[in-house]
Structure formats: C-alpha cells, structure tokens
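Here is the structure we will look at, set down as structure tokens.
We call the chains A, B, C and D, going by the order they appear; numbering starts again at 1 in every chain.
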Amino acid sequence: MTDASSSGDRDAPADERPESATAALLDAAKRSDLGLVLGTLLVVYLAATVLTFADGLNSVVGLMRTLTFLGLVYALAALALNLQWGYAGLFNIGVAGFMALGVYTMGIVVRSPDPAFGPPGFGLPLPVGIAAGMLVAAVVGLLAALPALRLKADYLAIVTLGISEIVRLFLQSSAFDTFLRDSLGVGTGGGRGMGMPRNPVRDLFLVDGQAGTPTAFGELVFGVFGEDALGVSNSILIDWGYIAVLAAFVIAFYVLLERLGRSPFGRTLKAIREDELVADSLGKNVDLIKVKVFVIGCALMGLVGILWFGSQGNVSPTPQFMPLLTFYVFIAVIIGGSGSNTGSVLGGIVFATVLFEGPRRVGASVRDVIDAETPPSFADAVAALDPTAFLAFATDNVAPLQFILLGLILVFIMHRRPDGILGDRIETAAAVDLSERPSGGETDE
Amino acid sequence: MSSDVPDASDVADAADEVDAADAITDEPEANDSAVEEAAKHVPSGAPPLRVEGLVKRFGGVTAVDGASFEVEQGSLTGLIGPNGAGKSTTFNCITGVHEPTAGSVYFKGEDVTGLEPYRMARKGLVRTFQIARELSEMTVLENLMLAPKGQLGESAIRAVTPGLRGDVVEQEEAIRERAWETLDFFEIDHLATEHAGNLSGGQRKLLEMARALMTDPEVVLLDEPLAGVNPTLEEKLLDRIHQLREDGYTFLLVEHDMDVIMNNCEHVIVMHQGSVLAEGTGDEIRNDERVIEAYLGEDV
Amino acid sequence: MSVEEGETGDERVGESGTDETTTDETVADDPVESDGTAESDATDADAGTAHTLDGDAILRLRDLDAGYGDLQILSDVDLDVADGEYVTIVGPNGAGKSTVMKTVFGLTTYMDGTVEFEGEPIHGLAPERIIREGIGFVPQTDNVFPGLSVRENLEMGAYILDEVPEDQIEAIYDRFPILRERKDQKAGTLSGGQRQMVAMGRALMLDPDLLLLDEPSAGLAPDLVSDMFDRIDRINDSGTAILMVEQNAKEALRRCDRGYVLVNGENRYTDRGDVLLGDEDVRKDFLGG
Amino acid sequence: MGTTESSIVDSARARPGLLLVALLGGLLLVDLAAKLAGLSVGPVGGALSADRLGSNLWNGVVIGLVVGLAGIGLSMTYSILSFANFSHGDLLSTGAFTGWGVAFLIAGFGDVPVRALLSVRDAGSASAGEVGAHILSTPVAVLAGLVAAFAITAAVALALDRAFYKPMRDRDGISILIASIGAALVVRYAIQFVYGSDRRGVTASVDASNLAFGPLGLSVNAHELTIVVAAIGLMLAMHFMLQRTKLGTAMRAMADNKDLALVTGIPAERVVTATWIIGGGLAGASGYLYVLLRGTIQFDFGWLLLLLIFAAVILGGIGSVYGAIAGGLVIGIVFTTSTIWIPSDFNEAAAFAVMITMLLLRPEGLFGGVSTA
C-alpha cells in the first residue's frame, strides 16, 4: 500500500501533490472506499500479528478474531446511528437502550419456556425473535420520537439518554422480572441477565452445536485449519464463521443505507438536517420523515444489539448497556465523520481496534517486559519516586488511561476536525449520477 | 439562448411521473395534491390567493391587524410598506409558518388558514426567503432536485427495494433533466455541481427561485428577491419573473426597492401598521398622500 | 488632529458643528427660515452632496464598506458627527441605516475604510472598549434585560466602573422620573415607552460624548413618539452628540441638525434636516421615481 | 384575553396531556390519603404509616437539596454558555474525592500516611471507615473538606473551560455538548486512575448521631442535618450573589440577552470565568455532601447522578437557578416517595419519567427558564 501511494505521489502533477505522505496515503485510499476499509483492516492485522507473533498462530488468529468482531459490530452500530444523526441530525444518545431492547426481546421470544434453564421465554424460532427484537426497538423508538422530535437537539439528547437508562433499570429490576413471570410467564433474569439462544452458526460447524461432533462442513474447516493442521482452535474457527455473517450484515447495512442516502429520501434527510423550514416550505412533511428515520434507525440498533450481544452467550443490563456504550458508538461515528457511511464503517473499525482494544493489548505487552512490582495505589506509585514503578502502575491500570485518551480524542476532533478523519465527505443524495450533464440533454452555448 | 421556460409541456414527463407517484405513495397528503393537480387545469372563478381580516399577535404586540387583499390569477402583485408594517408576518401567516390569531387565507377559494408550510407547498403555493436559505452542503442540482412534489423515492421502502428502485431511478432522471432545464432558464447551469454554500449572494437568490419553481407551483411568494443582488443579475431575475408570468404563474412580491415595485407590478398593495393602507397601480400609490405619510413619517 | 481629508463642504453644514445654541435655533425656533433655505438651496442634484464636515468631527467614517458575512451592505459611506451635534440617518427600507450604526459599534463585518472617534481609529475594538471611548448605543429591539429590575438595568450600563455611580443613576431618574417610580420593577414588565427610557438611561450611564440610537420610535404608540423625540432633544441639549437612525423621516429631519439620506448602502444626500425635508428628490428616494 | 377560568379550560382543551397528568397526580394524592387513612377500595388505598411518609419526605428533601445544589451550576452553564454540560456530574465526583481527601487529612493526621489519606483509602491497620470523618467527632475536618471541595472543583472546572471549552466559544451547542462528553470521560477516568475504582466507606460511625423528632416520628441523622444546613447556606449565598452583587447581576444579564450584554459593555469572559468558578464550586460541594449522606464513595457516582440533576434542572426550567433548586426538591421527593407505589428498583426511572413528561408537556419547565439557542 505504501508503495502504491508513494509511486502515485511521484506521478501526480505538481498542483495536486498532497502535503505529506500520510495525506497522500489518505488521498489514494479515499478514492476507493473498499480499499480504505480493507487497508485499515490489514494494518490492524499486521499490528495484531506483531503483538502476538511469539505466541503462535492460534493467538494471532484469536486476536484478529476479537478485533474483527469488535470492528464489525461497532461498524454496524455506527451505521445505524449515522442514519439518525449523520443524515437527519437527530441527536439520539440512547443507542445502548435500543440495542438492549433488541437483544432482550430476542432472548425472551426465543428462550425455552422451561424455567429450569433460567428465565423462561416463549420458545419461538430465532427469526421470529430477531423480527420481534427489531419491532420492539422500533416501537419504543416511535413512542419516543412522536413527541420528542419537536424538542431541541439537546433536549432530545437528554430524553433519549433517559429512555435508555429507564430501559436498563427495568431490565436490571428483579421486580420487573417477577412481574413478567407472573403476567406473561417469561423473565428477564434481572441483574443476573439471561443466557442467549445458541448461535445458528455453531450448528453449521457442529451437529446440534455439540463440541466433538462436527458436521461435514465443520470436518472440512477443522481439517484444514484446526488443531491437527494449522493449530487454530475450533472455537476460534467457529467465531470466524460468525464474523463472516457479521461482515455480510455490514455489507447489507452499508448497501441499504447508501441506497437510502442516494435517493430522494436521503435528499430530504439532508435538507432537514440543514434547514427544516426550507424542507417544510418545499412540501416535505418534516415531522413524518423524522419519525420514519428515527424508527428505522432504532430498528437497526435493535438488530445490532442482537447480532452483537446475542452472540456473547449471556447478556446483563449492567455494565453491558450503560450509556458508555452509546458514547463509544458516537465516537466511532464522529471519528469517521458523521454523514458518511464509509466513514462509519471505518470509524467503527478504527475505534474498536485502535482505541478500544489497542491500548489494553499494548499496555499488557509493555507490562510484561517491566520488571517491577505494581504499587497498590496511585499515591504509592507517586511516592515511590521511581519511573519504573509508576509505569508498572500505569500499565496495570491501562483501562482508565484509555478512557482519558478517548475523551481527549473526542475533544480534539471537535476542536480540530469536526468532519472526522476522512474530512468532509459530502455524498451525493440522488439515485442518479449528478456529476455531469447527461449526454441526452442539450449542451449549453 | 432562447426562452427555455420549463413550462407545462417541458415538464410533462416529470409531471406524469408525479401523478403516478401520488396514486401509489402511502402518504395521504400526496393524494390531496393529486386532486389539486387535476383541479389546476380547470379554470376557477376564485382568485388564487385571498387574505381576509388577517390578525397576528405575538404576546402583546399586534404585528398584523386585520389585513385583507386579493392576488389575481396570473398577476405580478407587489406588497410594500415601511419597516414593521407586517409584511413578513403576513407572508409567514399565508405560508403556514405562523398560525394567524384571526382571519382567513384562501387558496383558489379553499380555506387554507393555518395549514402547515408543507401542505401549502403541496397545494401549489411556494415561497422564497428574504435571506436566501440555500442548502449549502448540497450541490445546486441537488437543491433543485429536492423540490419536486410526489417523488417516488421519498418513500424509504421504494428507495431501497430492488424491484421498486427502477421506477425511482427513472423518475430521478426526469427530475434531473427538468432541473437542468430550470438551471438553463436561470442561466446558472454552469454552477450545477457547485455546492450551494459556495455561491455568491445573487446566485443564491437565483437558486432560491429556481428551487421554488421546481415544486411546480401556481402562486409564488417572493420575499425581497432582489435584496443584495447586483443590477445585472437584478435585470435577469426580473426578466425571468416576467417570462414566468406569461406562462401563467402568479407572483406576490415583497420588495423594498420602490422602483422595482412601481415599474414591474401592475397592482401594488401598501401595508402600514398591520393592515392594508392603499391599493392600486404604481402611479396611484406614488401620489397617495396616506402612503407618502406612511413612508416619510407622520407629523407628531 | 488633521482635517485635510475634509472635502470642500457646504458652508451651511460647517456652522452647525459645535454650538448647542445653533441647534436650538435651527431646529426648534425657526421653521420659517428652514423653509426659505429649502427653497433657495434645493436645486436638485447639487443639493447636499458633501458628506463630510470641514471642521472637527468626533465621529468620522470614511469610505466605509461593511456588511454581514460575505454580504456587503455599505459601500463607501462617509459620515461625520461634530461634537454636540444631532445627526439622523434616514432612507428607504434596506438602505443600510442600522448597519452604519452597528458598524460603528463593531457588530458587523468590517470590510474597508475607516471609523474614527475623537481622532482615534476604533474599528476592530471590542464593544466594551468602544463604550470606554465614550459612545453609548441603544439597539432597536430587545434593548433591555427583561429579568433585571430597572435599577439593575441602569447599573449594567456602568459595569466598567468600579463603583455604581449613584449620582448618575439619580440624574437619570431625574431625566426619566417614571423610572424612579419603577426602579425595582423588572424591565420585562414595562411598557414599550418605558423600556425605551430604560435603554436610553442605560446607554447614558457613562455620560457618553456620542449616543447612537437605532429607531427609537419603532414599536411605540403614536402618541408616545413625540415624547420620545422631545427626550432625545433634551439629551442633545445637555451636550451629548446624537447619531440616530429613524423610520419616521419627517420628524427626525425636522428635529436634527443634519441628516444623511442613505440609499442602497450609499450616501445619497447630506444636508441640514429641514433642507432635506423639503427636497423633492429625497421624497422620491423613499417612494421610488 | 379571557378570564382566568376560561383560560384554564382553554389550556386543558389545548393540552390534553396536561389534563391527563393532573388527573394522574390527583389520583395518586387520593390514593395516598386513602393509604394514610388505612382505607382500601379495590386497587386504591392500602396501608401507609405517617412515619414512613414523613421519613420518605425528609429523605426526599435531603437528596433534593443536594441535587438542586448540583443543578445550579448546570443551569448556569446552560443559560450563560448555551450548552448542556455532560461533564457536570464528574465535577461532583471531583469535589467529593478532593474534599474527602482533605477531610481525611485533617481527621486522621499523624495516624495514617498522608498519601493514603489524600487518596481517600485505607492503609495498614486503619480502614477508610475508621479514618472516616464525622460531623460530631471531627467537625473541623468535615467543614474544611467542604471548603476544599468547592475550591478545588472550581479550579478544575475553570481549567476544563480554558482547555476544552474556550476554543469552542462560538460553536453550536451540540458540538460543545459532544466535547463535554469527552471532558466527562477525561475527568471521570482521571479520578479512577488516581483514586482507584473500588467503592469504599468514608464516614465514621458515631454513637447517638440520630436526633429523634418524636411527634413527627422522624429520626434525623446529624449528617442529614449538616447537609440541609450547608446546602441551604450555599443556596442563600448564591441568591445573595445573584441578586446583590454586580457580578451576579451581570450573570443574570448575560443569561437574559447575550448580545445586549455585549453592547452594554459587560465583559463576557469575566462573567464566564465566574460562572465556572461558582457553578463548578457548587457542583464540588454538592458531590462532597452527597458522599456525606451516603457514607460511601466511588469514582463514577457523579456521572450516575447526572441524569437526576438534568431531570431537576429541566423540571425547574433549564437556565433558571431557582428552578434548579425547586426541581431538585421535586425530583428528590419523587425519588423517595415513589417507593410508596412502585418497587424501589424503579425510583430512578420514576424521576426520569417525570423529567420526560415535563419536557413533552412544558419544555420551558415549571418556572420558565431562559431560552437559549
């Protein structure tokens, strides 16, 4: 990639020469959205390889799996939020709540009615659960949107945050769990959460999802990559199978949202974001369109909740659905530049890998090479007057440092690059090419 | 270049698409506009716009105080008055931005008092803004393509469903063509792919009017279309307004440049302190003592 | 102070410069004389085309270009106000009258030209500094703090002083006695005329050399307008120079020393108020010709 | 303009939601009366002792005062700087940790290493609870901590303004709001990094610290009394500052009309500085008092309180200082008395629901706050 860009740099005419090598790289990558995303993933994989190279292929592939999974789920969430915020300017900071609604509804619908296995459910098939999850997220979104969209953006933010917290507190509540059990015969599991239905991808590899009895397909995959061949564990391979599904969803979301954006609907959204009165005066029913886009976005968030947390074995309201989750997604969108779908995918990947997982991995690696005992507290680390001891403390407590970094990056972006890392990517809002006059039309003069 | 007015025949294709769209689309309002669309071709005795006893109060301040007037079919009517006479508030009450405290607004004989701006636009009454409100992050072409009524692709489902998107694309092509023709007409076709935020003040005014026309209106309310426009462009804009009038559009024009009003409008309405002070031709108005007093101030 | 750039002005204009008594004579006492002057001098085109003063001016605008953002409203505006003088700016809607005033106070986008006050360039200064220099400003609308009492509104006018100038507040109560009665009432509950008094009082707290008034009669009931103009006359009589933008051109021109007619952001005519009042061309500018 | 009665009828007709809320409120009151009287008619009524209601109300007032005190700063930054400050909750945590560090230092000086005292944690033989200060045993330490909480938080708020918000002064409210989320992360996790993430007790237990008010059946804790006195004292000081000083008047003027303040010659930056000092200081003090009430401290408690503070401020009318206090009291009382009708799992949800209902029915709040943006 570096080669390609530097040669491109040399060939470029003087007046188009970008200012620096990084700018050149960005410039080249920008011309191909797919190239940009794949290039970023490649860099991430390279870094993952460097970090875990010594531990063998299984660790390398395992880390890559974790990073890819997180990158893709954040990309999905960012895409859904981008529809609301980037396209229509609706400042929804209740993302976590809508994701929770989606995944919990799915769990309740699909789980076995037998209370012996934890909170009982309706025992319906998974597709019904997914549809129900999206529907409930959409309906709550609708209830929130109908009155709240008349409010100013900062009020909408507070209302959506409040709704997200109300959802979490209900799911957390054992009283609510009891209430549901008494009235509907289903439960949420309260603070302990609930186990998620088996991932169908697992059935692809294993008969009835049982470890040790692979299907023909599983046999094939395990045979090529598995412990006896390349040495990658079966569970990691199955996870990669799920990642393929996630990737398909990312592509589907992307295509869906691009189509929405590149249509008269997207054009109206853009107009509403810029100037509601103009859209209104040109005959667009602004309120209806805002409600529509809010509801679509919430349904997608419900789906993202299912795809993300539904694959995690167990969900619990705290800490999984704290408002912090919403802010992560926001940071992903802001990094990529709100309004751009490519930016959202890229922002999701960059956030999850570089900002979310990166510091932990790097911190752990650095800690491994420091030969010092960790002081029990910050005050002790300072009082020790020993840089090594302090570093040991810092690398052992890398999580808060990472959040501080996130905060600083957020502020920095708002100060310096409000358009995100890709800069201002204004995407065409039409279903047809607008770059030049169609040849059929008369040429002027 | 000859007069490439995007008149009814030029936009027939697009208009047909629009009618077809109205029949299918799920929004009830669109059906109204389909009805209106049909009614448009039937000559009706009622004036396109009539305002009766319009009153608008904000708290204790009465901005419009019983204004009544009519705008005739196919006319270019001027609305003038000193600052604070209530012109803008009247405009906002007609277009539905404000709900009048009292009084009525009739569009082609139908009581449309208090309808939201988008419903007024769908009925065929569109307005421009005193300070041009271009959508600066959209290109000039996108600005224009936003406006037409009954776009199939404004339904989210149609916009994304593979089988239905074909119709959307087809209609988009027709709208694009019509947008280009409108740009030609206003001689801003060279700016089509420019972001509207990069336009000069005068060009923005042209864009506003072009965009308003893309809604296929019957009555166009122009709020100071010439403010901040240089003389060359001013002439061009006025010329376009006259051409469009001949094609059957009706204009109500608020403008502070008296010469423009006197030389271009066959009928002038003067507002003062929230109500209509005088009506007549430019010469009648110019020599009306009450008007002179309203403009120069009263003896106190 | 240099006066080289003062163009060959009209003699009539130069006279009315510094003397307060002149003000009284021309404006209040002798309407007959004004009519006479109008007859003789208003020979159309050449009447009142010099926009600057020969003598000293406390406020001096030269070739001023200004507007909002990239929208230029004023082009090459020249304007002078002499010490103690009463100057009004009139003109049709959208002529840029208020823009002149806001530009003096640094509230518009300055583009080119000079704004000098008492010999010092002031464009680019923060409003806080301009107030210190001795200019007070009464905006057209929203010109009181509605949640503050009358007295607090006045106190805010003297924020830059360390101590609240009690004697000045008393002086303003003396000037507008109704404000003394209402001193603890929230300004938001006052009538339009009383609010206008609060706004003027606040702008007078620092005893400015020049008071800018943006359409003081706007929104006032007709019977209050005359009172308002009388008050402005008295403020001027006590030595404060006035630069006023007014919609009610007739009354404003009748009362002022000199008037400027602005059309399309440019100087059109400058002359003694009564002369402009009688000029047929000026009238045409308002109603189109 | 009609008579008052007809305008009430009109507004009820125009706003059915309001009517609904009024009916619901009336129903709850009837139910409450029935419960107190020990009557039970179908779903209405039940049993409720006056003692329990009394202690619920008292607890509500105490929490409400703390929330209201915190809301003052949030309201001020909203009205004067025109943005919803999402880092305000973490200023509460800042005040609590720094203030309690100082209180510990004074209470436990000599017995425990200074570095442990300043980081509000146990060391060696002494647990945090044992070092813990108490208003009856170590009144000086508790009061000094309060002062320190105010001062240090004010300094932190000012530093945040200079670093994060000042460069964005002319930007739109949403951009600054997003930056404030970033600032919140920085502050919250800096606290975690320095003080650790564990929840720990801070107040000592002292015998006979409850004062009983026999006739009312109320048992009032000495710390609750301290909080009420301190919070009301700070509110009165705030009231005096706003009403009687030039700076306070200038703050109200800025909140009323920023453009006019500019042309009047009010130095905006100086007023902004004062706003951060006072708003931040009050946030720090309220965080400190909240910990005095709860007895435990944890790095993210301020953040968790933020929505309640927003609820209070919105209820009172965002931008109005007095509204924030009144809103705080309402939220506090809703928070504690809602347990009469619903499980205590939902008391926070009830407070948010009240806020959301308020926003939907009367976005300007009970007292019609300042409209910005």
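Methods note: a contact is a pair of C-beta atoms (placed from the backbone, for glycine too) under 8 Å apart; a residue touches a chain by one contact, two chains touch by 3 or more.
This is a predicted model, so every value here is computed, not measured.
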Message: Per the definition at the top, count C-beta pairs in contact and tell me whether C-D or A-B has more.
response: A-B
Statement: Per the C-alpha centroid definition, the whole-Å distance linking subunit A and subunit C comes out as 60
Message: Centroid from C-alpha atoms only, then distance subunit C to subunit D, rounded to Å. What do you get?
response: 49
- prompt: At what distance in angstrom does the C-alpha mean of subunit B lie from that of subunit A?
  reply: 44
Field: Intercentroid distance (Cα basis), subunit D paired with subunit B, Å
entry: 51
Interface hub residues of subunit A, defined as touching at least two other chains: none
Message: If a residue has to touch 2 or more other chains to count, which residues of subunit C qualify?
response: none
- prompt: Is the way these chains touch best called a line, a ring, a star, complete, or other?
  reply: ring
Statement: Which chains touch? The pairs are A-B, A-D, B-C, C-D
Statement: Listed in rising order, the residues of subunit A that touch subunit D in the complex are 91, 147-148, 151-155, 157-159, 161-163, 165-166, 169-170, 172-176, 327, 330, 334, 377-380, 382-383, 397, 399-404, 406-411, 414-415, 418
Message: Residue numbers of subunit A touching subunit B in their complex, please.
response: 256, 259-260, 263-268, 270-271, 274-275, 277-286, 288-289, 292-293, 296, 426, 428-432, 434-438, 440-441, 444-445
- prompt: If you look only at subunit C, which of its residues touch subunit B in the complex?
  reply: 70-71, 73, 92-94, 215, 218-219, 222, 225-226, 229, 246-252, 283, 286-289
- prompt: Okay, in this complex, where on subunit D does subunit C touch?
  reply: 246, 249-250, 252-253, 255-257, 259-267
Message: Give the list of subunit C residues in touch with subunit D in this complex.
response: 105, 107, 127-128, 131-132, 137, 139, 142-148, 152, 155-157, 159-160, 164, 202, 206
